[in-house]
Amino acid sequence: MQCGEPVEQVALRPGMTVGELVSALGRAGAYNGGALARAAGVYEAMLRDDQVVKFMGLAGAMVPAGMGRIVSDLIDRGHVDVLVSTGANLTHDIIEALGCRHYHGSSCCSDVELRQEEINRIYDVFLPNNAFVQFEEFMQGVFSDLSPGAPLTIRDLLATLGRALPSGILASAARNEVPVYCPALADSMIGLQYWLFSQTHRITVDAFLDMQPLLSTCFDAQKAGALLIGGGVPKNFILQSMLMTPRGFDYAVQLTGDRPDLGGLSGATLDEARSWGKITEAASAVTVYGDATITFPLLVAAVMERIDV
Amino acid sequence: MQCGEPVEQVALRPGMTVGELVSALGRAGAYNGGALARAAGVYEAMLRDDQVVKFMGLAGAMVPAGMGRIVSDLIDRGHVDVLVSTGANLTHDIIEALGCRHYHGSSCCSDVELRQEEINRIYDVFLPNNAFVQFEEFMQGVFSDLSPGAPLTIRDLLATLGRALPSGILASAARNEVPVYCPALADSMIGLQYWLFSQTHRITVDAFLDMQPLLSTCFDAQKAGALLIGGGVPKNFILQSMLMTPRGFDYAVQLTGDRPDLGGLSGATLDEARSWGKITEAASAVTVYGDATITFPLLVAAVMERIDV
Amino acid sequence: MQCGEPVEQVALRPGMTVGELVSALGRAGAYNGGALARAAGVYEAMLRDDQVVKFMGLAGAMVPAGMGRIVSDLIDRGHVDVLVSTGANLTHDIIEALGCRHYHGSSCCSDVELRQEEINRIYDVFLPNNAFVQFEEFMQGVFSDLSPGAPLTIRDLLATLGRALPSGILASAARNEVPVYCPALADSMIGLQYWLFSQTHRITVDAFLDMQPLLSTCFDAQKAGALLIGGGVPKNFILQSMLMTPRGFDYAVQLTGDRPDLGGLSGATLDEARSWGKITEAASAVTVYGDATITFPLLVAAVMERIDV
Amino acid sequence: MQCGEPVEQVALRPGMTVGELVSALGRAGAYNGGALARAAGVYEAMLRDDQVVKFMGLAGAMVPAGMGRIVSDLIDRGHVDVLVSTGANLTHDIIEALGCRHYHGSSCCSDVELRQEEINRIYDVFLPNNAFVQFEEFMQGVFSDLSPGAPLTIRDLLATLGRALPSGILASAARNEVPVYCPALADSMIGLQYWLFSQTHRITVDAFLDMQPLLSTCFDAQKAGALLIGGGVPKNFILQSMLMTPRGFDYAVQLTGDRPDLGGLSGATLDEARSWGKITEAASAVTVYGDATITFPLLVAAVMERIDV
């Protein structure tokens, strides 16, 4: 047991850059501020390492909170090789890409009144119901263009959606040929739209077929790294994908607001993942606890500053 | 704005029953203790109401924590009509049903050492790796017996697994013909086993086909109620299933350790669900924040005491 | 690294006692449910050990939530030798003892309206402002009866208040000659009342004099144990009191809803206290994370059941 | 119920300033990222308003985490008129001012080993025990120089300490004649040192006398604003100080990692404070939930950027 570097008291400067601030948090080195700085170090090393296949997990209502563009920008800059998302984030990505907007709202209000005014609430973000009218029109149109035949994979379905959209995460992924996996797609408005379509049509989407290319990617990877925004299905799906290979993730950064002592995977430390072999014994891995609407932009802005200069 | 009942100071009595304790928390009525007592009231009303289709959502690592038997007992007593689970809980249910055990462990230990001793960690629960050897044998056996042909649904696959098991959640569900949905099944060891099987065989499991019977259940229900352990996919999949119908859930109880201000669905209040129409404007709905290894047994024991007497 | 006992799946029984439930949680042994059962074991051992001086720390708004009677009952049964409290809990204890009541309210309401209706809110508990009118009358009366002279200690002031009250924590403590310490007494309505009194009178209350008898108790103790409800000043004041002695606490149970990774003492694990020597290297110590309106009554009811039989 | 501005997706730019990032979070406007941006707006307005008496509350182990210099810099720049702190932060401020250092450590380690190597742990910060040797020497020296006589106030005692130190929070406060209040001073190493001194000497420190000048400040203030880092005694002591006046706080920003549903003041929303009249009905008030080692430097750097330009 040894003391490391001394804690350096943080000195702020008007006009300092995000990268400078995160470096100062690193020299202080304590609690989640210190963890964030270490996470920036791991993420920078992961992005600079040419041998690494870069996974990204996206959970939590990040697109309604304005965090979607950070994801699509990372894809456009070549920093994402594989994206795993919840269906909800993809639903809201489509809604934004169609020109509908989410709005500043309030978390303490009458949800009954909101219901009557046809406004859906996501904590303090409001989404008028008519966005779903446009969403339905778009989705039914895309489904109609699918040619029946061999079972479709979820990844192919999402790529098709991406090609039909002008902007956003799915569009960036399609343009850059980055695969998007979403094992729980049925658990989203996209799933509900599929059900609607299936009342009159039949196209089979295979629940498991995506594991084939995903595990091929894992087997072929010399090294692997993961940036995990939130927990949920994306975190587990990414981490478990290495279990069948002789390797594990070499780099991992997790930004989560959950807590470990409840036992759930979303709040579990990355050390726990070491016991399973999901990440390697020697992996560089950091968990930052906090709201990703703060930690995600901080992390990415700091690392972009270091890498793009 | 009006004051309700006076807060009654809690008087404890040696040997008091769980139901008596929860009633005392209800007369105190404050914070999560009060919420737990109100949740017991809602859950009791939901179970007593013959018109209600009773949904249960199961997320978080509940089976490794010894909470699985509460679920299977509820199924056996007829208190669950539809179960939606994460793949992980079903994986661990199968492991326990096969006679393998989870063990008391520690949350603060060397995960590298655990890795070397082939012990997997779930917070402070240990699971020796050889459980997965038996799990693999069982799963490959069941997969081999499936007859190729028309696409299988996840629900049918899980029912097949349940019929092959002597005890546990899947077995109880199969025995009682309670459907088990698991939209993110690929995101679990069951999914990985399927991938292994698919290296040499081909059986198509449809990602969306389950929505048909689930939504039929929703359309047919006179009333609906939900007991949600944790958030994640099960919570959303259950709540969104009502969106396509003219109705919403009439009763809802959520036990979660997450927090609402991060915007994620897992920590979202049930009031938020009112704005979407997932639960009705007049629904009886309570969220209890806390570790479900405490709140879930408390809630169920208290309600069983009232109902079975 | 070794596996402990197998996790036993929890079997609930209608009418089971709280002690039976907590024992079942102990055999499951996971997460905070398991921690609660271990905490019950530590607390039971602490109460059964005749050599132990029993400290209790009380933080968080426990009295408004109906948890005050559990404290006064523990005092009356001889299970508390030293109480350290926040000023707020003592203020609300006096209010209840004067016959004023707290009321069931709501956490999502207009605080501006509440203000206009002269109702004070504590999360979902309401306290009409007129309680403070009676409180003021009582406090000014007690202060007036104090004889000016040598500096008073906070402990003596609180004992004087306790003797003037018919029931509650302060009354039980006075009746049983249990000292009540409250180092931050100025930070409460009691402090504000003192300020009011001091506009026209002068009685000196010494800020530090209480440390003398408290540390004497610590030096004289053969063994020491602590039950800490919440963190804050009471937790630290109790734990630090051992720092000057050659000993540390031998038993410690902490019930807190905070989290450790923020670095604050309130959420800190008891293991951290071991590094400081506040608790001994071999101490039996357990932290249970969760809302104390649930964990506190559960813990005490379970232990009373074991001890009183 | 109305929608506000549309959520603007956050666009990051390498080399962007902290102020630019916080502004982008404000245009996104969601969850705690949005709250942080609104808090920056409130804090900026509070600092720009010449009529405002500016209070600062400091709780949580902020100095060991390297956040102390932000506080002393704010004092030096004239942005703090009244500081209320925990005793622990002042203890660690003295330790740093004496040239002792805190060190980067680890949160998952053997606290028994740490104990044996005489290293004290604060989550992942290590503090070698010898710091307390120097601390004791300094404290006993200062106490010895105090002239016995009329009761001392805590504020005067802290000013005396500040004048004897070369740097840090207490030194900046003394230099700038900013009063520092610490109602729970007994609950800290400073209190223990006082006890040690009092074994052979006698100086009376009055527990309540500080309320006189503090409440005078409150009565004299045209307007009042508060920046609250953490909760605890500092938060309550600041907010309650307005209760005796006809006014309340006009501006309030709270950075806390606690949660409101546990009922404790530390996690309570500032809206709750409105019902008590601690803040005015029309006050600009924002709570940001998260680790203050991230939110505090972000907030201050962003506001300094706006104000100093």
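Points worth noting:
The first chain written gets the first letter, and so on, giving A, B, C and D; residue counts start at 1 in each chain.
The rule is simple: a contact is a pair of C-beta atoms (placed from the backbone, for glycine too) under 8 Å apart; a residue touches a chain by one contact, two chains touch by 3 or more.
Keep in mind the model is a prediction, meaning the values are calculated, not measured.
Between the contact lists of chain A and chain B, the overlap consists of C, D.
Among the remaining chains, those touching chain C as well as chain D are A, B.
Set against the Cα centre of chain B, the chain with the most distant centre is D. Each of B-C and B-D has its own count of C-beta contacts, and the greater count is at B-C.
Chain B and chain C, compared by their mean Cα positions, are separated by 35 Å.
In terms of their C-alpha centroids, the spacing between chain B and chain D amounts to 43 Å. Shown for chain D are the residues that touch two or more other chains, namely 30-32, 64-65, 108, 114, 119, 122-125, 259, 261-263, 271, 289, 291, 293.
Of all the residues in chain A, the ones that touch chain B in their complex are 59-61, 64-65, 88, 107, 111-112, 114-115, 119-125, 151, 154, 183-189, 191-192, 194-196, 198, 204-212, 215, 230, 232-233, 236-237, 240, 243-244, 257-268, 271-277, 281, 291-293. Here chain D touches chain A in the complex through residues 1, 3-19, 21, 24-25, 27-34, 36, 64-70, 73, 96, 101-105, 108-110, 113-114, 117, 119, 122-126, 128, 271, 289-291, 293-295, 297-298, 300-301, 304-305, 307-309, going by the rule given at the top.
Touching chain D in their complex are the following residues of chain B: 30-32, 35, 108, 259, 261-263, 289.
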